[in-house]
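The structure that follows is given in the form of structure tokens.
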Amino acid sequence: MIETIYLEEPKLNNVIMIEGLPGIGNIGRIAAGYLVEKLKAKNFAELYSSDFFPSVILQKDGIARLLRIEFYYYKGEKNDLIIVIGDTQASTPEGYYDLSNAILDVARKFDVNLIITLGGLAREEFSGKPRVVGAVNNEKLLERFKNYEIIFDGNLVGSIVGVSGLLVGLAAIRGIDAISLLAETTGFPIVIADPIGAEAVLRVLMKILDIEIDLSELEKEARELEKKIKKTEEFQKRMIKEILSAKEENKEVSYIG
Amino acid sequence: MIETIYLEEPKLNNVIMIEGLPGIGNIGRIAAGYLVEKLKAKNFAELYSSDFFPSVILQKDGIARLLRIEFYYYKGEKNDLIIVIGDTQASTPEGYYDLSNAILDVARKFDVNLIITLGGLAREEFSGKPRVVGAVNNEKLLERFKNYEIIFDGNLVGSIVGVSGLLVGLAAIRGIDAISLLAETTGFPIVIADPIGAEAVLRVLMKILDIEIDLSELEKEARELEKKIKKTEEFQKRMIKEILSAKEENKEVSYIG
Amino acid sequence: MIETIYLEEPKLNNVIMIEGLPGIGNIGRIAAGYLVEKLKAKNFAELYSSDFFPSVILQKDGIARLLRIEFYYYKGEKNDLIIVIGDTQASTPEGYYDLSNAILDVARKFDVNLIITLGGLAREEFSGKPRVVGAVNNEKLLERFKNYEIIFDGNLVGSIVGVSGLLVGLAAIRGIDAISLLAETTGFPIVIADPIGAEAVLRVLMKILDIEIDLSELEKEARELEKKIKKTEEFQKRMIKEILSAKEENKEVSYIG
Amino acid sequence: MIETIYLEEPKLNNVIMIEGLPGIGNIGRIAAGYLVEKLKAKNFAELYSSDFFPSVILQKDGIARLLRIEFYYYKGEKNDLIIVIGDTQASTPEGYYDLSNAILDVARKFDVNLIITLGGLAREEFSGKPRVVGAVNNEKLLERFKNYEIIFDGNLVGSIVGVSGLLVGLAAIRGIDAISLLAETTGFPIVIADPIGAEAVLRVLMKILDIEIDLSELEKEARELEKKIKKTEEFQKRMIKEILSAKEENKEVSYIG
């Protein structure tokens, strides 16, 4: 069960959708979240799924809410934007596909003509200034994005796992242009936020969107987001750990099969 | 497949639903079960799910029954109560959401105006007298519950995992007020019952419901419940262990892919 | 997807269903399979499920077939019998419930008035002559089966995991009498066949059914069945092992999230 | 959700379907892929499934696409062929059955009269020249294929895991003849390509189809395919590893159940 609840039905034109969910270095989530804040984008829809981890998040005041994906809009000069952020991705392969398709349903509803997904590219021996690697879903886009300091090289990247990848792949079948922008990062452990990677994708994104935002508070924001996301991640890991620890215990019981 | 079978269709007014299922320290299960016993609440419905662990429980006399969730009612002076207890939670993320929604269907059927979920808050370095931490699903409830010795602090708790949390989150979407009451506990290993935590949530609950029940037999009851619940937990862990132990074996076989 | 294919539509009266699938010590499978052979029971239906392990079994001549559950009938003097044997149980909790319900659909189609499930009761420190422990699904059956050397004691057994248990529990909801007969066994490793346990449940079963069968070839049959079942089990374990071994490997790759 | 998208609707007669997906030694995938290339077979359909691993594959030029199964046709002298290759099999038991049934839907649409599945048979102590072991889905086929240097011996092979096996088993229920051809291989680790095994199944296949193809470039092709497939496999293993590594970590968190 996936449900998208609309808080508002904005009129949008010439729409570009930007997606950034938790993932490697939380680069996509940090970059898209920062964009929401700096553009003062407005929350118009929320998506809930029974494939999300079965828990609620507590806000500082003691109010709990379900894990969710949030949709924001921003009315710009050249393009209106839909920005997709959220608490989590999915917990099963099918859940990833369903979530990606539900996001594409929103894209189609608003006649989105380009989807940009943001993420990290984990490289074990990486250090230094991150490059931004791109993946598009048709050949014309290689031409369109060739002058944006994006590296297109299938030898550098094998796969894009999760919603950032699936949106690009599924959009092709629906005939929607899409590009994934991935900043190089160390990537382990995955819960550590990488604001430097987020900055790298935001710099490319600003050029594509032809907008200017102040990146000076990015690191501070990244640290706060990291704390929030870490909590959720840790609970999930802890529960997995609990289940697996059954393995080490060795109690005397009689049972039946 | 989830099925709720009604044994009786009680007429209830001004209904508060109280939920306590197995979890950290089994605090919710112990507290709600003790309430059922002391109020002589009456069993009116049973819920079965194909997402529960695939086994039956043997009662002392040799009669087996499916794992289930039980609904009890109690007709009180100020409020009628529905108390939800049971043998288990769910085995998949989707199963947790489905179970929580099926419980909310019962809440709606009886026009429940407040849901109170009971549980434990595991803190690794906790010792001493447990405090009760709360989580509500809207701002008005912070005001309503501010004088009940409940601590509201999102920094203390990050997430509430399982039915206790999901009921609060999903009720918000359905427009039903809900609060989770969580007693501090050590929480590991999770199968050890914590009657002291159960007492803490019951003391707050009695004040909210404005009823008085004798807590003197709580510890004894807790120990008996613990034994029952432990059996079910251990079977589940044992089966997981069996599967994982495949890893360590190393037999000579030829196989095909 | 579960599909039951009928090869024949027998007319049966006063029907008792006997179930024995692979499990602890393969006691149920051995006992029910031996019954099929000695009574020359006739195969009239096959059940296929997409929840079974995704493989085919090769017969000696090089012909492959899907994993399946088989239904046999035997027209007896006092009772006609339906005997349920098969290659496997299920792979998910939901799969277990679905399989058990599909078997109950067959029971209802032939107006079965008693279901007897056969299995093993693993006890770590067990040795010697196995007793047969019983579990029924209503109180009247305790009276009916009190003179058959069946031990009814919920303290001895906590749960019955798998189809043998679920059939008893689910039959109660459908109003069908059911009893599980479980022979004590060491139970580890679960792939080792226990013909002594199988003999114990068969002795009780013969008394209940009031039939006589020659048990002298049971051990030989058990060893052959063991070989067949072991192959299937080992393939399943090997695949799980393959997946888990990913954990220990540590290759240099770059990937994206 | 499984979707088969047709790029073309070819008219085919007297059709044999050949399947080769990634598996043990990638023998089936290499053999079928080589056949596609050497026969210049034409891609006419693509199958997408939400049970596939949730990622996209990057091609060398930076264009990403979903994981998929591809159908090719070749109009031959005696038989027209449908060749099925792809990036992956499935991620759940149900996914394997659904995928196999979706492939059989294509077989039925084109009135396929024989299905030949290609794969490897892993034998731990195997070395030397691989034999080809066969498995058919009815007795008449044993006679039909007795003169093709195929070994039929159920003692040599216990099970055939995955689509290669399920196609043979499920085709029997639909009344379609099918044979699995499996070359002996060492099989571990499973990501290492075995072009020698692929050559062995291709030699038998050429005789059955009565066609001649040049096998001299097989090893080179195998190495390139291996690189591609390895990338996908490693991402999948890495993700599993990430999840399992949660087990070893031991952070101080407070959580709730």
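Observations
By letter and in written order, the chains are A, B, C and D; residue numbering begins at 1 in each of them.
The working rule: a residue touches a chain if its C-beta (ideal position, glycine included) is under 8 Å from a C-beta of that chain, and two chains touch if they have at least 3 such contacts.
Small disclaimer: the values here were computed from a predicted structure and weren't measured.
At the interface between subunit A and subunit D, two copies of one sequence, fewer than half of the residue numbers in use appear on both sides, so the contact is built from largely different positions. Of all chains, the one whose CA centroid is most distant from that of subunit D is B. Centre-to-centre spacing of subunit C and subunit D amounts to 33 Å, using the average Cα coordinate of each chain.
Residue positions of subunit D touching 2 or more other chains, listed in rising order: 157-162, 165, 190, 231, 234-235, 244, 253, 255.
Listing the residues of subunit D that touch subunit C in their complex gives 90, 93-94, 96-98, 100, 134-139, 142, 152-155, 157-163, 165-166, 168-170, 172-173, 180, 190, 231, 234-238, 240-241, 244-245.
On subunit B, the positions that touch subunit C within their shared complex are 1, 5, 48, 50-66, 91-92, 95, 231-232, 234-235, 239, 242-244, 246-247, 249, 251, 253, 255.
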